[in-house]
C-alpha cells in the first residue's frame, strides 16, 4: 500500500469544557477523494482546522506523506502542500481575483513582478483544471460559484496537493454542485488528494472514494464508499437508526391566518432578493419553505416578521394590511398574534450575555411577563422563566444562568418556549434544529406538531430538506428569490424538490 | 469564555487597575527625583485633611458623577459618547440663557429648576445631532461627538467673546447670574444648622448628582425602557428582532446622556462660580470616560470612581504648592493610565486572575 | 489678489497643513490595517515635547527628531499592545494615549525645565533650518515661476518636504508593494490573511509603528522646525483635524492630502479674514472659520457628499478562536 497523504493519530482538542475532538484517527490515501461526514457540531471542522493550523491540537500526531509534521499555523500547512477552501470564503471583496490569489504568495516585495507571474500561472491552472475566471474581476461582483473557484485556484497556486473543502456545497444549487464535483474529479485525476467535509449524504455517495464518519467529537467509522450505503452512513452519523419520522398529527387546515401578496424586495445594492412572492398560511397547517440557503427564504421571514419593511406587495393578517405605506414593526406583528423563532439564535433569538430570565421576555418585555407594575419586577421574571424552563425541559433550569452557558439544544428550547408560550395564531420558524442534538430535535419537532394540532398556522424554513419533508403539509420551493412551485406532502420527494431548488419549474420537472 | 466571580469583576479588577496606574505614576515621580509616598501623602492631605478640602473633593466629585453617568448611559446602549466635554459646555450656555432672560425678576424656586432644565436641554441638544446622524445616517458617533466638542468650543468662544461677553471685561466670560439663581452652598446650609464647616464650592448640585445616580439605576435596571436599552447594547440584531426601535433608542439614549453631561454645568454656573467662563468644563467631560470605565457603568461604581477622581483632582492641586517639580498634571497622567488599564487593557488580567482563583481559563 | 499673494497664502497653507498631512497619513496607514487611531493627537503632542526637550538638552535638531520618533513609536506600541495583543477597545486606548500625553508632557516639562511645562526657547542650531532651494534667488524675477519657486516651493524646513513626500510614499507602499497588499487585506478581512499563512498581529504592529514614525515627524515639525520650543497643549487639536481629514479623504492618500490642504487653507485663511467684511456674508468670526473642518467632516459623515466607507475590519480585534 502506498503512503497515505495524511495520517492523523489520537488528535484531541478541547474548548473549555467541550471536547471537540476526542482521540481522532484518520488516514487519507493519496490521490483520492475522502469524505468526512457528521452532524453539525460533530467536530469535522475542528479536525480540519487543526490540520490546516488554525487551531492547535491538545495532543495527537500528524503525518503528511509519511513524515511526522507539526503545523502551528496556516503558513506551515501551506508549506506542507495543504490548501483549504473554507465554508465562509476567505476572499476580500474589494480586491480583484488576481490580488486575492496573490495574497500570501506575491512573489517578491513589489507587486509588479509577481502580478505578471501570477497571471501566467492562473492561466495555466485554469487550463489544466478547467477553472476559468477573469483575473481582473472584482471578487465581490462574482457569483458564489465563481468565488469558490477563486478559492480553489488560490490553494492550487500555493502548490496545494492536499485540498481541504469545508462544506463547499452549502451555497450551491444541485446543478452547480454537480459541476463542482466534476472539478473535484478533475483534481483527483491530476493527483490532488481531496478532503471533503460535509453533512450531506448524497455528496458522499456521489463523489468520494472513502468516507470517515464523526459523531460527537469521535471518529466512529471508516468505509470504502463503494462498499457502504447511505443508510449505513446515516446510522453511523447519529448513532441509531435515523428517522426524521415525526408522530404526525393530521389536522384539517382552517381559514387563512396570514397571507402575502406579491412581495418584492431589493437589497441596498439594488439586487432583487425577493420577486413577487405570494403565499397563504392556514390555521392548523405547516407550510414548509425549501431552498438552498440564500435564495430569499431569510428575507421572506424577515419581511413577514416585520423586521424588514415591506417595499412592494402586502401582507394580510385578519383585517390588518401591512404594506409599504402601512408598515408594521416586529412588536406590532407580535400583537397581531405572530411569533417568530429566528433562523440564527445566537445573533437574534437570544442575547447571550443576558441570563435566561431576561431572555425569556425578549420581544415581550412590554407585556405582563416583566411584572404588573410600572417598573420591572425581577422576581416575577424569574418565577415566570423557571416555570417556562420546567415546561420545556430546558436544562439546567436556572433562570439566572447566562444564555451563553446553555447547550445549543437548550438554547433553542428556550427560544421555542418563549415564542410558543403566548399561544400565537401564526408562527414563523427558521432552522428549528440547527446544531441541536437528536433528543432535542425530537422534542422540538413534537412541539411544532402540537402547535399545529392546536390550530396555529406555521411557516417552516429549513435548509434540511428531510426536516421539511417530515413536518410539512405543503412544501413551497424557492430559487433566486422566486417561488418555483408548491408541492403537497403526498407528492413530495427529494428528487423532485431538488430539481425545483435548482430553479427548474414544477411543470417541466414533472 | 472566562468568567470571574462578581466580586473579582467589580472590586478586585478596578482596584488592581488603580494600583497599577498609581504604581506607574509612582515610578514617574521617582524618576523625577521625588519620593512617591511623600507625593501621595500630600495628595491625600490635600484631598481630605485641610480645611474645606473634603468640600472641594466632593465638589469635583459632583462634576465627575454627571459626566461619568453620561458616558455610562450611552455605553449601556453600546454608544460611545466622547462628546461629554462639548455637551457640558453647551449645558452651561443653556442654563446661562435661562438666567440671563429671567433672573431679573423670577424667584429662585422657579428659576433654578428652569435653569437646570436649560442645562439638561442644551446638553441633550448637543448630543442629539450626532445621535440623529448615527441613528438615521449611520455616521460613526465617536467621530461626530469628537467633532462636536470642537464645534461647541468654537461656538462658545464666539458667544462668550461676542454677544454674551460681560461688558467692561476683557476676558471672554458671561456676567454673573443673580443671587436667586444660585444653588446654596453646603457649608452655608450646615453652618445655618449650627455645624461649623469650612467654606468650599460644594453646593446643592452634589445631592442632585446623587439623585441622578439613583434615577439612572432605576432607568437602566428597573424599567422596560432600560431593558430595551441594554438589549440593544448587547445585541442590536436581537433588539431589532424583538421589535425595539433601535434608531429611536439611540436618539433617546444619547439625549439622556447629553442631558446628564449638560447638568455638570449647574455645579459651576449655578453653584461655585455664578458665571460661564471660557473652557469651564476643562477636561471633566473626558474624565467621565475614566469614571464610567472604572465604575463599570454602574451608578454605585460611578459614585466611588467619581469620588476617587475628585480626590485626585483636589489632591493634585496641592502638588503645585508643595513641589516645584511635580504639578497637578500628574493627575492627568494617572487618569490616562486608568483609562488605559481599566478600558483598553481590560482583558489583560482576566485569564491571569482566573488562574489565580483556581478557575479553569477558557480557550 | 496678486500672483504673489496667492503664492504666500498657499505657502502658509502648506505650512499649516504639514502636521495634518503627516498625522493623516499616519492614521491612514493604521486604519487601513484595521486599527482605529484616535491617538494621533497624543502622539503629536508627545513627540513635539520630546523633540523640543531633546533638542534643548543636546542642542541638536537631529537628536530631537530621533526622540520624537522614539516617543511616538513607543505610544504606538502601547496602543498596539492594548488593541492588537490584548484586543482592547481601540477608541478607549486612543483616548488614554491622548490624556496620557497631555499629562506626561507637562509633568516631564516641569521636571526637566521648571518653566511651567514649556521648554526653553531653542536657538537656531537646535532647530531644522529653512532649506533654500537652488534658484530661489536667481530666478525670483522670472514671472509666475519665480514667486512660485521662491515663496511656495523653496524655503521650507525638512519636515514640510517629508510631509509632501509622505503622500506618494504611502500610496506606493499600500498599492504597489507586497506589504501594502497584505496591510489593506488585514484591514478588510484579517481571517483571510491569517488563512494565507501571514501573521495578522505582526502586520498590524508594523502599521501602527509606521503611524508612530509619521506622527513623530509631525511633532518635530511643531516644536523644532515651525516653532522654537514646546508649549503646553501645542498640538491644539491638530491630531483631531488630521483624523477628520483622513475621513474626509475617505482613507485614500491623495484625497486625504487635498483634504489636509483644504483644512490648512481654512486655518491659514482664517487669520487673514479676521475683521474683514466678506462679500455676501459680511464679517465672519474667526471661530466660525476654524470649526469649518469639523463641520465639513460631520456633513461628509452624514453621507451628504458620497459615502465614506471605512475599511471593513476597522476597530475589530482579530480573534482566532471563538
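Every chain is named by a letter (A, B and C) in the order it is written, and numbering of its residues begins at 1.
Heads up, the rule we're going with is that a contact is a pair of C-beta atoms (placed from the backbone, for glycine too) under 8 Å apart; a residue touches a chain by one contact, two chains touch by 3 or more.
Please read these numbers as outputs of a predicted model, since none were measured by experiment.
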Chain pair showing more contacts of the two, B-C and A-B: B-C
Chain of greatest Cα-centre distance to subunit C: A
Averaged-CA centre spacing for the pair subunit B and subunit A, given as whole angstrom: 47
Intercentroid distance (Cα basis), subunit C paired with subunit B, Å: 30
Numbers and ranges of subunit C residues touching at least 2 other chains: 321
Where subunit B touches two or more other chains, by residue: 363
For subunit A, residues contacting two or more additional chains: 15
Residue ranges of subunit A touching subunit C (in the complex, touch as defined): 15, 52-55, 73-79, 84, 86, 90-95, 99-100, 102-106, 108-112, 114, 154
Contact footprint of subunit A on subunit B as seen in their complex: 1, 218, 221-224, 226-228, 230-231, 234-235, 237-238, 240-245, 360, 362-363
Residues of subunit B that touch subunit C when the two form their complex: 28, 32-33, 80, 82, 129-130, 133, 137-140, 142-144, 146-148, 150-151, 153-155, 157-158, 161-162, 286, 289-290, 293, 324-327, 329-337, 339-340, 343-348, 363
In the complex, subunit C residues that touch subunit A: 176-182, 184-185, 188-189, 191-199, 312, 320-321
Residue numbers on subunit C that touch subunit B, as the complex places them: 38, 78, 81-83, 86-93, 95-104, 106-107, 110-111, 114, 117, 237, 240, 243-244, 247, 285, 287-288, 290-291, 294-295, 297-298, 301-303, 310, 321
